[in-house]
Amino acid sequence: MKILKPILIIAVGYLLLKVGIPFVGSKLHPGTWPVVPTSVLKMYMFFVVAGTLLFSTFSEDGYAGIVGPVADIYTNPKKGLLRFVSIMIVGSLGAYVAYQYVKPTFDAPVELRSIHPAPPSTVKMWGKSYSLQTLKNPLRADKANFAKNVEEGGIVFFQNCFFCHGDRMLGKGPFYQGFNPMPANFVDVGTIAQLTESFVFWRIGTGGPGLPSEATPWLSAMPIWHHLLSEEQIWKVILFLYDYTGHSPRVTAAQAH
Amino acid sequence: MTLTIRRSKFTSRIIFLAALFYVSVSGAAMAAPGNAENGSKIYLKKCWWCHGKEGEADGPAAKFLIPPPRDFSMGVYKYTTAKPGSEVTRDEDLFNMISNGMPGTAMPSWRQVLNEQERWDLVAFIKTLTDMFEDMKDPPEISYGSKVASSPESIEKGKKLFKETKCFECHGELGKGNTMKKLKEDSGHRVWPRNFHKPWTFRGGYTPEAIFARISNGIPNTPMPAHAADKTGNGKLSVEDRWHVVNFVMSLADDERRVKDGENVIKGQQVPQIPKDEKDPVWDSVDGTAFYLVPQIIQKDRFFIPSNDMVYVKVAFTADEIAFLVEVDDRTKSVPGDKIVESLSWDGLSPDGIAVQTPVIIPESSEKPYFGHGDKAHAVSMLYWNSGSVDKGSVSAILTATGTKTREPSDAKSAGFTTSASYDNGTWKVMMKRKMITPNKDKDTQFVVGKYIPVAFANWDGSNGERGSKHTMTTWYWLLLKPETGSEVVAYPAAVFLILVVGQFAFAAMGRRKEN
Amino acid sequence: MGQLLKIVVFSLCVVCGFAGYTTFGLPLIIPEAPPVEEKLTGEITMDQYIALGKKIFEGKGTCTLCHNSLGRAPLLEQVAQVAPERLKDPRYKGKATTTEEYIHESMVEPSAYVVAGFGKKGTNDTVSPMPNISKGAIGLSDVEIGAVIAFLQDVGGTEVTVALPSGDAGAGSTEEEPAEIKVAENAKEAFSKFGCDTCHMHPLIEEGGDMGPDLGKVGATAGTRKEGYSAERFIRESIVNPNAVIAEGFDADTMPDDFATQMTVSELDMIINAILGNESS
Amino acid sequence: MLLTLKRAFRYRGAAAIVAILVAISPLFVYAALNFGSSSLYGMVSATPAYAEEAAQAEAPAQEEGQDGAVEAEDPNMWKPLPAPKLETKDYPIVAGINSRLAVWFAAQLHLFFAAFVLGVPIFVWVIEFIGVVTKDPRYDNMAHEFMKVSMTGFSLAASFGGLLSILLVVLYPGFMQYMVGVFGKVMVIYALMFFAESFFVYTYYYGWDKMAEGGLKKLHLFLGLGLNSSGMVLMVLSNSWASFMMAPSGIDDAGVFLGDSWAAIAGHLWNPLNLHRFIANIAYGGSLTAAYAAFKFLTTDSKEDRAHYDWMGYTSFVIAMVGLLPLPFAGYWLTKEVYDYSQQMGITLMGGVFAWLFILQAVLIGAIFLSANYYLWCSLGRAEASKRFYYMIQPLGVVIVIAFLMWFTPHTLIMTSKELTQIGDAHHPLLGYFGVMAAKNTAVNTLILSTFLSFQLFRRANIRPTGDGFWAQYGTTIQVALYIAAETNIISLGIWSYFIPANVRIGLSVPQVSSTAVVLILSTIIDTLIFKKSADIGEFKWGHMPIRSQYTLFMLAVSFTWLMGLMGYCRSAIRQHWHVYTVLRDNSVNAFTPTLPFAAWMVTAIVLVFMALVFFMFWMPILAAKKKEAKKSKVAGGDLHGVIGATAGE
């Protein structure tokens, strides 16, 4: 029964994605069960099935081994009952899938937000214009006062930002649970480690309402910090964030010059 | 012969397991002596921001936190499992607090960030910040005696003891923390008693043992007294009694009103008759959803020290009307003019308030109004109620806002807007009722069945100094007024089934013809 | 044929599969509509106001005639930053106390502070050659002056303190602004349009400057200045290519050399005629 | 194949000419421009402002009978105009056509055909050259047939090009006026080059049979060279307009042309675009001719024809793969330059509105790789002896699928709120790692290595080394070691790059790519060493391919076409509402950025039209051939076995 092997491979693949990944993930982040989101899982499975079928049917033997039994069920006059049953099973499966799509649910609609949306070329804060393309953190060059600036940045952080982003910088401050999107996790390699300081400056300065629409500005609870902090304070916080997490900011060619 | 061999194998396995257990336990014990010097380095990177460089609870963040960070220079710890009467807490307690954090406070769990040795290093360093530990040996653990399993009788006994010991004076008749006293910590900071219906907010953990230790040792530095009986046993609780109280407290947990992960849609339910008030039994048949409340820390004036943490909402509707039932656990019924509540309140007394916010135009795409009061292009409609005052009674209004500063009333009468509210033992229940469709289409939300309607809430606890921009709130969640299930639930699957079955039979027939 | 049909159907399925996946399998992001371009009507934003200031600075205000890299007048990119120092300078004679007031003052009362080296000749930097730009040929309105100040503050990287004009004023001035630069109808208009009055004197100019030769007098001698050139040709050349012949006592590179691209033929002719003394009105 | 190449080296002279001509084609443009600047000057130079006014019947000046304009002898006296500020009314609406979509349609179809007819002659010429070197008529025939297929493409490309320029002039006059102001000279050269190309293409194709022998054949080869060179120049010139629109150069902030055409051409993105399109054209041409061969394979009953078209399909397939493998890296270069040019544009491209487009692209490329591998695996069936490799296919497939899953894992995961809370973070602790560039680089290198391994397995399907030389004994072991070392290197670099700053991380893709390249090159060389002396084991039968394998060739061609259309939309749409980025704004009513599904269906519609035309294109030579059927002497078929040695290893 050559057909069993691909079925087995697909089943193992499914289990790995459904249980294996969350299991490993739960070891990395205790207390969570990081499932593969359904949207991704569907695509994964599509290609697992497609790939398995491909490498099982490249040879004539393999092809016959898989198509043969299926064709047999549909055409062998001796297998009338089996044919009937399998046709019913396939039909019921289809009906089940259709039902999943039309059944009434209270699942919230899926909303997508772009985590790193495109920044504008210039941004206005404190009545001034900043060109994000070339903007650099002016305090980074000040090596003599670096430690002092970092500490002052930390104080700004703990008096303003920490309530959401948390003292572990994991985006889990005392009030994080009430917010969606969750506050940014700065330790993660996917956030500030990917960004230039000018990008971070823009995100802090203009907050949630300053986001373009693909990043759902109506949901973000990030305050418009240039209403509450000074330019220098924001640059200090940025120094602190990179220093505390050990990440270094990205530098574009325009900024390097 | 075989039998003995098997047995000896079994014994050796037991011995092996025991040895393993011993090694791991003693390993943990051996890890205990931390390196204070290394601890100091970690402290100055991660901890001082709240606890202060010298451990005097005066870090930059400290003034924004209630409960305040622990003052290590005092050496007094609130959550201790040391034997009653000990002058200091156990190292293990310090270690556990660092490892697990304290729910409901700004202290997080450091397990993910610091390894075990580092946490012990911190314990060692923290102990050097006071002279309390200098001549003290690590005190012995409290004796838990023989634990009494929970049973209706035990709970009943616990309830009786709860009354006799006058726990209700602070924790309220039903244990919701609706105090009759104004409570302070020794440091002068305000403190509210725990609400036993939400044991997941217990700072020292939610296990019978932890609660037992709390009852026994009290919470040092706060009005919570120790209840462990001394040798004479007068006026205090015996070990067994304490277990009864533990069982009683544990029995109060109300998981129904706990925020459930990922549940962010209010299940609006169609009812034959709109409930007439917040106590209408119709509400019992409607599912509720709980959401976290967070303080308004986004715009001036920012607010950091909330007392209410959660809102529980039910929505019922008929063809014409819609009713929101909003429940908030609030320790005080703040109605200005009420002398008793005025004496309990912090930072003056203003009315308690609740607001429900929905967009005026229900969005078709993901674009919504800004969650805080909408924005210029997207107005929001708010159903607002507050407890008013003793003289004038409660206040209610429908408002339309396009930003925090642009808020104007809409016509409540033509919208058929009414409210009714009651306060019972630590919980406000407020019902707001409105017509589904109102004449003011550009000011009021027109509720539609079957659409996902963004919804958000705000709450003011008047005795906690909450007024104006100082309040708690939620971001956008959803309200779905559940439509009656239509025929498509049957029709589509049936059609798919038919197509597949007929198609397959046709395919089979074709295949056979080919073969022939 | 059967094979061909199969291939066509197969290809069709593949393409439609891709498009279907795009439509149903990926989240839909609706790109933002193009940003609205500055339309100066009624309410305007500070950005638009600053943009207007830039437009005036480079166009109608004729500021760049002198405030450019040729060193005819101080560069203004940094003016907002240095203003506080200037206010403290003992040579300062005005009444301004803030940057905004200072810039405003230097536009309407240029001699209140003269940057060292940029004064009228012989006045020891006490009198500025700059005209009052709220009067005369340039004649900016208050709203327009405000826009220029906002622009200068923005360029200087300092806070823009200018208040936005109230709706009516903003709309009124800005609507006429683009139409402002129109072809001069007579020599007098032409003189003021191209700012000749800033440096030159002429009977048609009410209050001229003295950084360049007196145009009332050059007509008489123009025909003799250059071998083989008629008076008319010489003046034409002097306007189109000012550095060809430099009059005694004046510096080269002072007069802008781009009038050729700015003047219409008729304007050029009118000016030449006026200098030649052929036009008297 | 390598042996063929070795023989080719004897024709060093000819090879050098090719190399030099390809290399100097940009220089040629440069020279032509300088030539143009003196002779074409008068044709397109902008008019001085005041002279223009004089021409517009400036009343007083003319009345006085004066020639108002000062003689325009001094070139420094005129200045070109800045970019116009177009308004909605400046865009004519002709017959209610949506001008955006009309131009999109024409441009994309033009590009499809143009890419095809630029790509095909490149390898036609190479195959013809191999034919001359090996003196094997089958190569010459195949090259001729490829050319035959693409001939209809030439006129279609030209027709759509004409349609495109008419549409642009009619529907976007303001924009075209500005572009002519900057590129006027270049456009004239372009037109001239087009005549050159037409000349070469017709002489090359129609002179094929007449110039078959001796010195004439060399002349014919030279014509082919001319065809490719002029095609190359045409491509780089039109690329310069496209790259100018994205990253303008040679103009000032206001869009005033500074007078140096070369500066306008050699913009920031010009060369990355040139390389990307050059490689893609080869791959694209290969995939379409493969589809042609598959089409013929499926529609013929003759065994000999099947063998011929199987071989032709295989060759085209290999050509497509040779283009496809380096394509991702050319794409990286282009993207990197986009980032360097403008961070805003870069993030719009990768993280903003278009972020999902790259997931879609990943899915398509994955589909292409999967089909390619499947074709190679099916190819094993041509040789009985290949069964000894079958055991490797399944693990190889698993690796490819896993690498592919990593490759298209999106950075932003779509999750329901329940999943979000289960995961506990917006970033997934495992899948989050797959969303970033480090994982993508690792995955794509692994994909390429696996595909190449499939290819190498096929090459040795029915041969074994003979003799006891060092390479025959240990060569395979060394190859295995190479693969393992490279893959280890790729994976460990991929993992390491999570622990280092982003700036350094970007640089790590270079050693990863180098690992892949080293395997590709060394392993090929070792192969020739191993099989210096080899013997056939079992039979090798061209035409012995299952029907389903031919469908993968269609899958390849269709996916490639669709992908090209999609990326064309992407490259063009990141300018958003600009004709020329930051300089000339698109103020027409159609200045919207289409959504992805909209673009997808638009591309689908265009591809369907294209495919209809392609089937027509395939049909034409068949029609022509049917008439000649009777006279035709059969060259195809016969003993094809010798050919295997040339293409499938020796």
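Letters are used for the chains, namely A, B, C and D, taken in the order the chains are written, and counting of residues starts over at 1 for each.
Rule of thumb we're sticking to: contacts are C-beta pairs under 8 Å (C-beta built on N, C-alpha and C of every residue); 3 or more make two chains touch, one makes a residue touch a chain.
It should be emphasised that the depicted structure is a prediction, and the values quoted were computed from it without experimental measurement.
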item	value
Chain centroid nearest the full-protein CA centroid	A
Pair with more cross-chain C-beta pairs in contact, given C-D and A-B	A-B
Approximate Å spacing (C-alpha centroids) for the pair chain C, chain D	48
Separation of mean Cα positions, chain B and chain A [Å, integer]	27
Centre distance in Å when chain A and chain D are each reduced to the mean of their C-alpha atoms	32
Inter-chain centre distance, chain A versus chain C - centres from mean C-alpha coordinates, in Å	50
Residues of chain C touching at least two other chains	27, 29-32
Interface hub residues of chain D, defined as touching at least two other chains	353, 355, 363, 414, 416-420, 422
In chain B, residues with contacts to at least two other chains	264
Partner chain B, residues of chain D touching it in the complex	416-422
Residue numbers on chain C that touch chain A, as the complex places them	25, 27, 29-32, 46-47, 153-154, 157-161
Residue numbers on chain C that touch chain D, as the complex places them	3-4, 7-8, 10-12, 14-16, 18-19, 21-23, 26-35, 37, 236, 240, 260-266, 268-269
Footprint of chain D on chain B - complex, ascending	261-264
Footprint of chain D on chain A - complex, ascending	9, 21-22, 24-25, 28-29, 31-40, 43-44, 47-48, 50-52, 54-60, 63, 107-108, 110, 112-121, 132-133, 171, 180-182, 184-185, 188-191, 193-194, 196, 199, 212, 214, 247-254
